[in-house]
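Structures follow.
Shared between the two complexes below is subunit A, which pairs with subunit B and subunit C, respectively.
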Partner chain A sequence: MDSNQTLTIDEFNLSIENIIKISNDILDGWTLHVNKENDNGKYITKKSTISIEEPGKGNPITLTYEHHVVFSLSYSVPMICFNVWKADGSVLSMEEYLNINQNFDDSNMYNTITQLDHPVLCRPFLTLHPCKTQEIIEPFLSTSKNPVISWLTVVSSYVHLKILEEYIKHC
Partner chain B sequence: MANNLTYVQLSSCVNPSFWNKLTELKLNVDKLDEASRNIWGYFTNLNKDCVNSILEVDSTSYNENFNDQKLYIPFHGKILNKNTIEQFKECNKTDLINLEGKTLLESIKNGEVIKDPSLLNVFSILCFADLKKYHYYYWFSFPVLKDVIIEKGEEIFLSNKFTTENIYKLYNDFSALTANQKSYFIVEYASDELKLHKLEDKLNYITFENHTQYYFAFYNISSNNIPGSQLRNYVALILHYCPFLEEETQNFIAFILSREGSKVTCKDSTVFELKLPKADHGQNWVGWEKNERDKMGPKLANMKNTLDPNKLADDAVDLNLKLMKWRIMPNIDLEIVKNSKCLLLGSGTLGCSVARTLLAWGVRIITFVDNSTVSFSNPVRQSLFTFQDSVDMKPKSKAAADNLKKIFPGVIATGHQLNIPMPGHSVGESMLEQVRENVKKLDNLIEENDIIFLLMDSRESRWLPTLLGSHHNKIVINAALGFDTYLVMRHGTFNENLTETHSTCPEGFRTISGNRLGCYFCNDITAPGNSMKDRTLDQQCTVTRPGVSQIAGALAVELAVSVLQHSQRNSAPAFYQITNKAAELGCEIENQCVLGLIPHTVRGFLSSFNQVLPATEKFKQCVACSTTVVEEYRKNGFEFLLQVFNSSKFLEDLTGLSEMFKETECVDVWDLSDDEDE
Partner chain C sequence: MANDREVLREVWEGKLPICFKLDNDEVVDIQQPDPFYLMVPRLSYFPLVTDKVKKHFSKYVSKELQDQEMWMEFNGQPLKWQYPIGVLSDLLRGPEDHLPWSITVHFDKFPELVIYKFSNKETIEAYFMSCLKEADVLKHRGLIASGMQKKDHNQLWLGLQNDKFDQFWAVNRKLMEITADQESFKYIPFRCYTDDGYRQKLIKPLGEDGRKKTLEDLLNEMFPGRSSINVKIHGMNPPLETPLQWMSEHLSYPDNFLHFVVQLES
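For the complex of A and B:
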């Protein structure tokens, strides 16, 4: 693997620990989770709640996103998994999610957002399919101090995740 | 001082993990105990993306200690989970909230609140969990005093009243507080400096003479400058300890966090001048949350999609198939596959393999038929059985159905222990009723199902289902095994009109329309039996290379699914190559349906790892699917079958095969005599 450099799990762990450190400084709400039974057991999560107009009905609804940044051993890339639920706790199905998401047009939404099992929790989550992640992250591997942050700044807007400018100073 | 103060109400926001944990506690710890549990609620006003002020509860709400993550202030909650929906409905909501309020007033009086100001922020959940359906009926209340009327005077942003340095220092002092002290505190302005004090350190030092230099600060239950209704509880506390403030004007700070760039600041907080009421607020409490229809009433969370493992499996199976539709094949019709009822005649190696592949295609209704029990040799080859099934001598059809449900509870699988009557197997007097019943049962099963798989281990047992399949015009898929060979085919549709419907066909190919395609028995007679490759498949059925049944079972299902994708279903024509030219030209028939080609027959030979796709026509005098035989069954029913069971010769007479054999002999004779003439 000389030409196709990939992110190692150690680099991933360093990157997310760095994210936690920044987040703690600015109260951004990222939490570190460690599952000791897994080699790729470290991941970080963050919840954010937004108000959105229900498509077709126009009334405001409250949605909570829970984003997970976790390492995929099979693709050797970070993955962004997320679930979205309404105020009563019921989780949106993939169709419901795509229905309210404005960032994708019909032609490619299924190629971009998909449902996969979370690499650590082994439960279905919505995710940006990791097959294109290597392409995005590769240029950052040699140039960024924190490739995970650099990658997140590219993809976060597709999944309603806000990355504050403080993080960008660290990559 | 003109306007009475208006308030923002809290909204509840439940995380799925809250219901998950509640279920776990109810099932494993509380059981029938209805005592209430203390829980934590999480609040922050730093989030500006949500128009509501939301109080969050999640699985950590049940923890003993509050985890503030430096971001949240605590709400002290109680969950009262009722055992029945009736108890939930009958619960007196007014009494309940007044009782909560009474407790709160007591903790104001006894000074607990002074030590832990977060106790002023309370909530409770009245709940009933229907754990069979994963439905959660719930109603939040955020108790606040009812009769506290506060008049609003001037309001001004903190940043317009104090210097940036002062505000910066105030935020730093605030950050240093523990979570429970962040809810309510006192800010003193003296000698151009803002100082933050805990309630317990300063409240007793405030007097009528010095109160104007103090600000009663509260972490606002709202991210804008309208105070949360919890302010009324705070005022009750203040009036209890500072009665001299009755009907006086007092400064408050609605403390709000916001971001300046990435950094957190409190500069958007608001300073209010409020005129406090008399301390005669009474004992009435309000705060039940309105539901989504804006009515006073409980909410219902349907968590089946998230918490019911059966539903999760059901959705995951379909999703996996939908990915095929979304990513590779937008035009595939998955619903028709899912809704097809499949009858599997024979529950051995082929039956198991077919059932598992059907399951993978999302088929939900699978019926097994077999007449034997699981033997010790079965489990290693027959993928649905276990050693224990052989010890228990379970009927194969039943064991297959049970185990299929263990693999996927969403499948409706049933097993029928049934002997399929066979031609030439005479029926004695004593067996007559049993056989009649078996025929009736088989006839019903075939009529009820959409696809009939013939997966038995003998040729004779396929006769009756082939006939019944033609009679009911079902999709019949037949799989048969040799030692290292397999045959998988679809039977032609039954149609008295045998005219060829013409379909275009590339050079080098010929086509046979679906109504003219043969059945297992047509082919068996017409097919040449002269090569090692084409040796009779079913005669050595039990001695096969183990992989053969897996291949044939999988092919049988794939053939059925391809047939379902064609607009003409089983009437889809079959193509076969008539010259090698097709191969030379590189011609291929591959776009019959979205999945590609729909062959009539797949014959495979493991000795050479080779597979061919012949197509053969219906044989007019076929003993199983010809018009004569089907019409005879329609006319004489069981009586006709009985004659066949008692003598298979009857069939040859009926179809004219016997006659044909005679004629063939005559032709031979005439041929010879012709020769003699020459």
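For the complex of A and C:
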């Protein structure tokens, strides 16, 4: 696996700074955070509110997401972490989330979404587990101008994150 | 390869006496519950050892709270269940906090943004296994953990859960081996805990010149320019000249990480 190309932290930082630039142009709401204590201290976040149908019940529910895109030093890949709130302000537990989000409706769901510590904030977030990310991102590393955007276009819809066309033009 | 088996066993057998008390404000019974005493393995996690504690206290709280997830607190800080018990003790107990360690139990107002909501043991298992995989990514590029069968993963988990040293180490020794194409682990899986969380960094066990790096080298890379640093692991202060490779093989927690609690002295 050593011969495999991986995303470097510098490439990751450039990619997310590029995302911030596009987001600022189109007012899409991504924010850059910098924590100087950590080697991987740069990450971006976005809050969004969505309305979906509650599975099995059909009534609409409103969810507020906070998505984080952050670099995992150990896996040398980007990670999506997120928290989800219901309209009453309570945080969804992993089980509640997996009941609502039917995109992970298979026997392996615990391997795909895991509660992990955020690499910079060190507190629990729902996380798309990074162990398969290398497989997804590898083909983009030599072809895309922004591998983080390219990877997001593959995985974002599973976790209700919208990536607008303006970003895709840049990769 | 881990040769100093006695060290492994000594670390595995580390235990802490704990005195659990229910928060006074949550008691609805006329009678105050007795405190609950338990001897727990330092290497385990609270949700794996506190079923009896929950059973003991749940009959003293109001009906609505009985089914709530129990959580624990020490000196006003919620205990993070995803940290091994020994790490919490090294991190939170000061020299004046004598044993048994006195912990307050709650059923109400779960602090869900600070600590995981572990609603079942599968969630804990998933968290533990993902730490173990991450450690193997650092040591062997993930090749050993991903080459294992499901039954090996189960054996590691059951060995930890049931406090069975031989069962756990029969599988874990493979994760602690240096593969034929390596001179050492690729990176050392470790976390340095300070008051406000922990930090990780990619640190190799050997220097550019092939020299074995020590704990002192790790601290210099993590905290450049800081001279007086107090490091604790498994309740002791390891000598700074201990080689990192040896530490990783012998002093790692079951999740295969070295968990150092670090105090930067001014």
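In this section, the second predicted complex is superposed on the first by the 163 of 171 C-alpha atoms of A that agree within 3 Å, B and C clash if a C-alpha of one lies under 4 Å from a C-alpha of the other, contacts with A are read in each partner's own complex, and residues count from 1 in each chain.
Methods note: a residue touches a chain if its C-beta (ideal position, glycine included) is under 8 Å from a C-beta of that chain, and two chains touch if they have at least 3 such contacts.
All of these numbers come straight from a predicted model, not from anything done at the bench.
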| query | Should A:93 be classified as contacting the first partner (subunit B), the second (subunit C), both, or neither? | reply | both
| field | Partner chain(s) touched by A:73 [first = subunit B, second = subunit C, both, neither] | value | second
| said: Contact-wise, after the overlay, does A:114 reach subunit B, subunit C, both or neither (first, second, both, neither)? | reply: both
| field | Touching partner for A:124 - first (subunit B), second (subunit C), both, neither | value | both
| task | Identify the partner contact of A:38: answer first if only subunit B is touched, second if only subunit C is, both if each is, neither if none is. | result | second
| query | Which residues form the common part of the subunit A surface touched by subunit B and by subunit C? | reply | 83, 90-91, 93-94, 110-111, 114-115, 124
| request: In the complex, go through subunit A and note every residue touching subunit C. | output: 1-2, 37-39, 73-75, 83, 90-91, 93-95, 110-111, 114-117, 119, 121-124, 129, 131
| said: With touch defined as at the start, can you tell me which subunit A residues reach subunit B in the complex? | reply: 24, 26-29, 31, 47-51, 60, 62, 64, 66, 83, 85, 87-91, 93-94, 110-111, 114-115, 124, 164-167
| Mind pulling up the subunit C residues that touch subunit A in the complex? | 82, 112-117, 119, 122-123, 126-127, 130, 133-134, 137-138, 141-143, 187, 189, 196-202
| Parts of subunit B lying in touch with subunit A, wherever the complex brings them together | 11-16, 18-19, 46-47, 49-52, 54, 56, 69-71, 136, 138, 257, 259, 261-264, 299-303, 305-306, 312, 315-316, 319, 323, 326-327
